[in-house]
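Each structure below appears as structure tokens.
Presented sequentially are two complexes of subunit A, the first with subunit B as partner and the second with subunit C.
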Partner chain A sequence: MNPAVLDRYEPVIGLEVHAQLATATKMFTAVPYRFGVEPNTLVDPVVLGLPGVLPVVNREAVAFAVKLALAVGGRIRHRSRFARKHYFYPDLPKGYQISQYDEPYCEGGAIEFETADGARRRVTLTRIHLEEDSGKNMHADAGANFSLVDFNRAGVPLVEIVSEPVIGSAAEAVGYLKALRQILRTLGICDGNLEEGSMRCDANVSIRPRGASKLGTRTEMKNLNSFKAVSDAIEYEIERQAGVLDAGGTVVQATLLWDPALGQTKVLRTKEEAEDYRYFPEPDLPPLEIPQAWIDELAERTPELPLALKDRLVASYQLTPYDAEIFMNNLELAPYFERAVSLAGGPAFGKKLANWILTELLGTFRDTGKLPVTAEDLAALVVMVEGGELTGRNAKDVFARLLAGERDPRALAAAAGLLGSVGADDGLEAMCRELMDANPAQVEKYRKGKTNVLGFFVGEVMKRTRGKADAAAVTALLKDLLS
Partner chain B sequence: MDPCSLTAVQIARAVKARELTAVAVWEAFEARIRRFNPTLNAFLHVNPQAAAEAAAIDARVAAGEDPGPLAGVPVAVKDNIVTCGMPTTCASRILEGWVSPYDATVVKNLRAAGAVIAGKTNLDEFAMGGSNENSAFGPVRNPWDPRAVPGGSSGGSAAAVAARLVPLALGSDTGGSVRQPASFCHLHGLKPTYGRVSRHGLVAFASSLDQIGPLTRTADDAALLHGVLAGHDPHDATSLRPDQLPSPPAPDGPLRVGVVREFLAEGLDPGVREVVEAALAKWKAAGATLVDVSLPSAGFGIAIYYLLATSEASSNLSRYDGVRYAFRAADARNLEDLYSRTRGQGFGAEVKRRILLGTYALSAGWYDAYYRKAQQVRTLIRREVAAAFETCDVLAGPTVPTPPFALGALIDDPLSMYLSDMYAVVANLAGVPALSVPAGFTRAEGMTADGVGAIPTLPVGLQVMARPGHEETLFAFARGQEALAPELGGRVAPDPEEVSR
Partner chain C sequence: MIERETVQKIARLARLELTAEEIEEMQGQLGRILSYVEMIQAVDTEGVEPTAHVLDVTMTLRPDVPADSGAPPSAYLKAAPDSGYGFFKVPRIVEGGEHGSV
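Presenting the complex of A and B:
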């Protein structure tokens, strides 16, 4: 992107994100949904909009939506309303979509994220509302005089998350989307797969001269089904609008379709062609009641958000921001870590436990998605090391056996005779002298300058103590005695 | 014993007592359907499985089981209520040939109660009309006088019961569509409390107003059938749960009958007024207290009804687009063309008129002036009705401002036709239960419009409304009305002339 454009113009971007809720069944009927199955197999009379059917709200979908509202700090309406949005299209079975209009279930809130340089950004939200997904038109081969429709997706619960127009760049838009996706995944309410369409994004873009307060005319871009498409499309549109303005023209309000292959937008419809959706309250559904008691109950079961977790790990356990971020990006690790800390006896063990997890377990976890060592065993192992009962070297041997599927590090160490440590008070000096007496030739070599025989003596001591001696202490002691 | 002269209560009792078989009952009614339906056009489809269903009921009785409160009773179902195994057309070309893969909840309830589904009855297309002339499959005749309309939109159901082609029928009532035909055909017709009967499987006309109700010849039959239909349904989110129903009223003192002043004002046929006032006088003589009641906003009823009902209808009927089922116009050039041809050819004139009205009322820029304003007035009516029930047990008045009119008399005058429901719509707008009971007969002056024959004497109904959930109060009133006017109970429509072929 030409940086000169940004010197003259300030982009103003708002995002509308549709996220499919991963509920067991659809928004208004008990039919499940999975991506990529045989067309028109996940349907029933309600999904197909047959005569006489009625919608019944899926309570799980509302619970998921409330969790999202809680996570972003939105204001939840105790009584909201569904509305019908009308338009004719083959993938819309009833000729209207059940959505929410002037009384959405959630207003306000914000999403916080870190930019590439580590700075924090907060994008405020206008609203979040619940609605149902449409089916999908499938166009047959070019030249065919028909199209096909797959209604599997029709009726899947969606939340639409609408940001305020406060995003200033394509990079910021992507940062916002990644943070939102991480929130959806943390809450376990959406898998956030842009390619499969479980998370979809429309971008509203306008530009205004730097310093101007009046917003420019915006365009809405659709079909942004990857982070790259979002970024490319926004940058393309900023430059296109700048070109229009630079040439003395005016931006026309329109809905545009992004073509990722061509790297261009094409006009879907202009403002004059905009449809009148004839919204009115859905008479088949009573107002959606979300009592405070239910919200409180859901709040207790809503997990911590990624960024909050990172901040807390740094503050509570003195982890480095770098380490904390690894936990933030591998969310299943954090509860394991915190459980181990608690079993070990408190935050004092945090840094040590984090080191063990990040150096010894992370690789396995990333490869297999599994944690083969229990938090109990890891905590016990670290406690033994910190208490001087097990040397770091022996701890690694024990850990290898835990990784291989054995349990109870204390029993393993005891059975192998690794428990306890041999210090100066435990006859270490006597053992060294004994060795020197038994190997006068080696002592002579050392004293003549061949200091590498020190390794021989250290090795022998470690062998005799079965690794329970502190290698550094032994080295220092031998140096002392040999000189 | 001729089963066709019996009430549903009597039939069920006789079938359970093995005095009659369900098969014999069905055969007797089926014979009448075959004879008289060609004249009346009340049935669009007769259930080919009815005899088998009746035999199954007999088998259960023989096995010592109780098939339920409607054991062996044939029940006709208005053809806007979906049924497996039979077409559901809504009397519209756009649904011609469509067969539902599921039963409406009320149909399930009927089957579970041991009823025999007789078939599907004619109606005004998508229940839009007050004469049953807006059917794509021809008008229905009034059994009391074949020159007269039976009323609508549940005209087929009303004619079928009045002509004793079935003892019971289901209608649907959005703005009088059960009660107005009941009034025109000398029947009991109930519009239950909104939410009392499941709408699951009732093809939606105006979702916030629609209710399914019984059409019967006696009060006890109405109570019996309503009891089978009513109840909470998890498939209908507007269905009332037991905890949302008010406790039944404790009877104390004489019945307080509110006489709605606005229902006896301008626009009421003098003959109808006479019948209704005479009926109320009998109630007074029998000890009831008549209370003068005013519903000041009731006069706006028809206006706001036609804003709200058409708005909801324009939305509900969007799904008939030719894409997924039933009628699809041939030779469409593109998608837009497919929609306009399918809907243009599939819907009749009245349905199109209402879709246009409703689409207009919901349009950007007009929504506040029409739909929102109408909702505000609806709230006023609701409050006025609730206030009236603070001093009365029931509100009474004529069901319809006129006696039955001649076929074709109002077909080119939709506004006059709409006014036929001016008293009835109040109950739909307020969500309260309302029952039309036979009140008498009057000279139907309008029948001379076609200049044929003498002025006939045709039925007049009395409408009573009660508090939400108080259907029992209405049935008690209906039983009282039967006791006060025993001569009315004996009057049945003459057998229609058979069409010569």
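Presenting the complex of A and C:
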């Protein structure tokens, strides 16, 4: 994107995110939902909007929604209402969607995230509301005079998270979305899969001349089903609107559809064609009560959020922000790490344990999703190293055997005769002298300046001590003796 | 009487096709409904909380446990005016892409 555009214009972006709640059943009926199964097999009379049916709200969907509200610090309405939003489309069998309108269950709150340069940003939220998903239309080939509808997705519980128009760039929009997705995943309420549509994003974009206070006319972009699509579409739209304004034109309020293949938008409808949803309170559902006692109970079960975890790992264990971020991005690792720290004896072991996990276990974990070494064994190993009972070099050998499925590092080290370390008091100096006496030619070489023969002596000492000597101490000692 | 254009707009939103006579009939009928509402609007409701629901009840929530839907999925497809390939068939949708939730 042409950076000169951003010198002249300030983008103002607001995002609307639909997140499917990972409940066992749908929002208003006890039919299960799974992605990618045979079409129209997850349906019943409520899903299909057959006459005479009544919706009954899924308690877990409300609980999930409340957890999200708590995580973002929103104000939860103790008594909220559902409303009917009317529009005609084949994927909406009732002719209306049950949503929330003037009394959403949650207002306010914010999502905090880090930008690429590590700075913290807070994007405030307007509201979050509960609603139901629609079905999916499939378009048969060009010549066909029919379309196909699959109602499996219809009625899946959704939360719609609406941000304030306070996002200033495509990069910030993506940062916000990634943070939101991480929150949804941490809470275990949505798998956040953009490609499969369990998390979907619409972007409202406008621009105004730098320094202007009045907002420009906005357009709404739909069908942004990857982070790349979000970024590309927003940048495209900023540039397009700047082009219109630069040419003396005015931006027309419209709903646009992003075409990722063409890398451009096409107009879905303009303001004149804007839909009139004729909202009214859903007569089939009494008000939704969310008592404080229920909120308190859910708050107790709400896990620590990613950014809070990162801050705590840095503060409690002196991890670098970089290392802490790896834990933040691999959330199953953090409990393992903290358990190992506690087993080892406290935060003093934090940095060492983090190093082991991040250098020796992370790769396996990423590849297999498994942690082949127990926290108990890893803690015991690190305690042995830190206590001087096992050298770093031998610890790696023991670790390799733990990785291969063996248990109990102390027993493994003892059986292999690796336990204990050979220090200066344990005849290390005598061993060095013995070696020097046995290799006068090498000693001569060293003294004539060929200092690389030092490696030969260190290697011999390590061999004789079975790796139990501290290599740095041996090197220092040999240097001393040889000079 | 309400305006002809208003009736036409409401009909369009409801996807109803009305003849000229029907529009005129609706102008009268909708007009009478509106004047009835006007009568209600004259009542002083200062300090009265809006009625969220006609019954003084709050919602009963359902546990998130799957239940048998009653009929095999194929029964619903069979009952539809048209179906094929496991889908409900509808007249071709001209607008591109999927509507999704808006």
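Assume the second predicted complex is superposed on the first by the 427 of 483 C-alpha atoms of A that agree within 3 Å, B and C clash if a C-alpha of one lies under 4 Å from a C-alpha of the other, contacts with A are read in each partner's own complex, and residues count from 1 in each chain.
Just so we're on the same page, a residue touches a chain if its C-beta (ideal position, glycine included) is under 8 Å from a C-beta of that chain, and two chains touch if they have at least 3 such contacts.
Nothing here was measured: the structure is a model prediction, and the numbers come from that model.
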Which of subunit B and subunit C A:482 touches, first, second, both or neither: neither
Partner chain(s) touched by A:285 [first = subunit B, second = subunit C, both, neither]: both
Subunit B versus subunit C as contact partner of A:473, first or second or both or neither: neither
Partner chain in contact with A:48 - subunit B first, subunit C second, else both or neither: both
Partner touching more residues of subunit A, whether subunit B or subunit C: C
First, second, both or neither for A:276, with subunit B first and subunit C second: both
Partner chain in contact with A:38 - subunit B first, subunit C second, else both or neither: second
First (subunit B), second (subunit C), both or neither touched by A:94: first
First (subunit B), second (subunit C), both or neither touched by A:131: second
Partner chain(s) touched by A:268 [first = subunit B, second = subunit C, both, neither]: second
Common interface positions of subunit A, toward subunit B and toward subunit C: 45, 48, 56-57, 86, 88, 90, 149, 276, 278, 283, 285-286
Touching residues on subunit A, where the partner in the complex is subunit C: 18, 23-25, 29-32, 38-45, 48, 56-62, 79, 81, 86-92, 97, 131-134, 136-140, 144-151, 158, 160, 197, 200, 222-223, 257, 266, 268, 275-276, 278, 281, 283, 285-289
Subunit A-facing residues of subunit B, complex: 81-82, 88, 90, 95, 98, 100-102, 104, 199-204, 206-208, 234-238, 311-312, 314-315, 318-319, 321, 323-325, 335, 339, 359, 362-364, 367, 371
Interface residues, subunit C side, partner subunit A - complex: 13, 15, 52-55, 57-67, 69-71, 73, 76-77, 82, 84-93, 95-102
Complex interface listing, subunit A residues touching subunit B: 45, 48-57, 84, 86, 88, 90, 93-96, 149, 276, 278-280, 283-286
